[in-house]
């Protein structure tokens, strides 16, 4: 939580404290569930954490994780480069909206990962198809939220810019983009989640070297501790990306009133 | 640079000779000199067959069913060049297990029960259907079949999610340690012997590059020979490929607890033909296939 | 020369009804004139300004500047909105320098000029603040500085001094007047303060209540440069004020 | 009785610096008094009101109402914000009826009373409009009606007549005054118009420029009920105005 | 687009095995639409989707708002969301199956787990960005802190939450399909798996087209809601 002006953080509002509390809470829950269910294939957190130690010290596993992260990063960047301008333009121009909207909204609910086996045949067995599906998955929330944000920009801000003689393209980047930024950021954050979903499911459906493959191969080999260690890797990856992202967001939208605390 | 490249698909598990070639290329003098391999991993044999059909693979792992379907539905034309795993008397055979204390003792007891399977449309699945039919059960009406896959099968049986489920290594080994399950029937009851997976290479590619494929098959054979000699090596490379500890594999790999491995990888052509015929009779295949179309006598293990 | 010809503006409300805001406005504003618009709240003053700015389109009629029909906003017409409309992601200085930067003024120079404008509106100490950290009056001053800074040929000001305290208001009025006396740009100035209108303008347009139409146009024949202290004693000034106040008061009765 | 004791408020800016807005405010406001607060733009008038309202917490010191320390908002203190803050998803009528409904008034009755308030602020024809369809002045009138409608014991008004035209302003001032003379609730009234402060108040508090502290407190000893036309001729009234204007003007020089 | 696709296919530039012509897909689609089996699959997917998404939306909004009530719950929920949201829940699907079974419950659980967070995050950040003077106005009129949540915060955040629901809807479509692909006896995803294993490329595209249509319809529904809200907002 962001600090309110003139208001001090309580002890539990320190981010680290909250995270530790949440981890403890989840750990206990997991441990209890694992004990209660008693499945071989559902080990508790301690076994998973032990295995995690091996996993992150093994160069081959690290390499697999790195490959996943690399593809995810590439897909994410591509998605941002395409989706943000397109979403903003759709929010501001009727024509662009009408051209792209049907296409975009038809293609989006498609489970891109399900296409993996076919995409691999279209684009070859290289990295491209994997990056492509991730980009598709990420661009969805980014596009929607950019569009949404662009629609909601206070019109007088646009008017001021117009009156200064700013053209439509410049306005898109200099006025609509910053004004819609808080909303776009929500999309980007969901995009991180999407990227992970697509990455894992595509590596599951088409076994490409990476952390998702590691996970499902371990499952096929009955290495359940490794399975959950891989899930932990994904969780840590997601958490770190999300936290990095939150930093960027705070910096970029530091001008916005966050009215923390709500009611 | 002008060394020809062979594009090969592979999966986990039961392709130890490929794993050895991947992880110990230095043991294969021809590999890298006469030809090189571009390895691509797949999930199951169907997408590999599709990939070969799309001409992005030259050789791939196949099962009798996926190859036959590929041939009938999409005109795939491969040669069967080597055999990876089969079921023979004395070897492991995929079995369906029930709880130790389950009242299910025979096929008839399965009426109205839930049966797990690995993947709809796989050979294992169709053999199970054959078994049900042979025992007078209608797979559509008398039982409910759910797709569980192999990994959760044991837990699914124990927790009562399914009444019977399929078992393969390494789950079988794990399970023997834990206990509580007993086999109900095995695939060998249906067809004896039967071939699980073999290596197929595109006819077009093979006919154009016979020397490359021949060298590849020879290396596969050599690999299998080395592994038979030294099962510990098999456990080692499989462990490297799957990241599971070698100890897991040394418990069953290349032992009677595992599928049958032909030391020279010679495909059991007759068994495959029998599978085609069984499937055709049962209506699983639209056409009857003649195995001769898929054999080129000079390029089939064992080659010299 | 701004000519407003037979202008009508009708809004469609959320309930789908037509709501006329302006009816048959005809006005000629010679270049370099300072024209104030007076009228009761909700009579369409802001709407008229938006149409001249090119931000909204009239339902009927047209606005022409030097004979050219206005269809979109341009840097020749600088607006100061009732709601300030500062860019929340820019500091005060960034906001004021923005228009200059858009006109191609180099960064350092734009900042220097922006800062001198901030001094004029007494905000130089707040150059690094973001708009949400300012009081209402401070935001308004920043908005005024932003538009004045890039010196548009026509100024469209919507109650620009509405949220200011009496003193700041007097200072800014005088500042605006002296600036205008140098530049002689055209000013359309919406206000609800009668004395302000008379003090500043060459001409005052009085609108009727909603829907707005022109009720009376009064030329303010007072010598320039004007000094407020002197005006207060001026008979004509007082008469204008009384006349306008009567106009605005009695019309509600009609 | 509102007592403001040793009040300090310091903001933290986006750049992490401490920015004092109010310094050492001490004020006693007896129940039923009409008190105006005057001061230059940005001196902390709104901030002071927010703290009395219980919306913001002071950095130091406290505000007490009848001896009880204020920690949160309550229906005894009704605010009218400078930015109107109407609920955008409710119609004008819905906005005005809101407070009444919250006080447990049945729907039909609440709507009837809301409508009578809309008549008083001359918005009855706009009852079904949404806030964004109103002009600035109309929004302000709707906001005033919303708060007056539920008759809080203490009114906290932040430049409530700032965006109104001269005529409406006079009408609403008179309306507020006559209402207050009946109800005699306590009013804290922020304004930047000196004449308005003198006309309405029992007491005027003048704040210094930022950071705000109390510069002077002036009791306005004019007979009630007050009629504006009469006051204009009143010597005392004129003296108060001159004194206050001097105060506000000279202090900028200091 | 469609035309280009059709022409490319008709001209034989791409093998039908890789990309069937759109007209062929439509024909196949209509053929299948005549079979009861198809509608069974379609219906079950729709059913899972509807239940899962509704649960996710209700849960997301309620949690997102409730967390605003106290600073402690806000801090804890914030941490939980930051830990859980980025986990690709599909990886947990095998565990979900064992807990909830192979039938609907496990799929619904997966949908909820994945679709919850976009709604929750949208609710959360929108609720924090509500103009505080609106809340102040309501508080001053006697509305309690709790009641402000649904009298002020909820109506002000509806537009943003709907945007979150849109994303959640799409995620739900994707996830239900994937879950059905992984382990199921019915549903659109299952249809694709069966077709893929039998190399019937044409039949693979049909369920994909259907899930797109479902997504489109869902999107339209939410879009309409958004417009209604906008008109009155």
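First chain written, first letter: the chains are A, B, C, D and E, and each begins at residue 1.
Just so it is clear, a residue touches a chain if its C-beta (ideal position, glycine included) is under 8 Å from a C-beta of that chain, and two chains touch if they have at least 3 such contacts.
A quick note: this is a predicted structure, and the numbers were derived from the prediction, not measured.
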Set of chains adjacent to subunit A and to subunit D: C, E
Minimum number of chain-to-chain touching steps separating subunit A from subunit B: 1
Chain pair with the most C-beta contacts: A-E
Intercentroid distance (Cα basis), subunit E paired with subunit C, Å: 49
Centroid spacing, where centroids are CA-atom means, of subunit B and subunit C in whole angstrom: 82
Two or more partner chains touched - positions in subunit B: 47, 50, 54, 151-152, 155, 159
Junction residues of subunit E - those touching two or more other chains: 18, 94, 98, 131-132, 139, 152, 182, 196, 201, 232
Per-residue multi-chain contacts in subunit D, two or more chains: 11, 14, 83, 130
Subunit E - residues contacting subunit A, complex: 1, 18-19, 68-69, 71-72, 74-76, 78-80, 82-92, 94-95, 98-99, 114, 117-118, 121-122, 125, 127-132, 135, 139, 145-146, 148-149, 152-153, 159-160, 163-164, 166-167, 169-171, 173-175, 177-178, 181-182, 189, 192, 196, 201, 204, 208, 211-212, 214-216, 218-219
Interfacial residue positions of subunit D with respect to subunit C in the complex: 11, 13-15, 19, 38-46, 82-83, 126, 128-130, 133-138, 140-141, 159, 162-171, 192-194, 245, 248-249, 252
Complex interface listing, subunit A residues touching subunit E: 1, 10, 12-13, 15, 17-19, 21-23, 25-26, 33, 37, 39, 41-42, 103, 105-115, 117-118, 121-122, 137, 140-141, 144-145, 148, 152, 182-183, 186-187, 189-190, 192-194, 196-197, 199-201, 204-205, 212, 215, 219, 227, 230-231, 234-235, 237-239, 241-243, 246, 256-263
Contact set on subunit E toward subunit B in their complex: 15, 17-18, 94, 97-98, 101-102, 182-185, 190, 193-194, 196-201
For the subunit E and subunit D complex, residues of the former touching the latter: 131-134, 136-143, 152, 155-156, 158, 229, 232-233
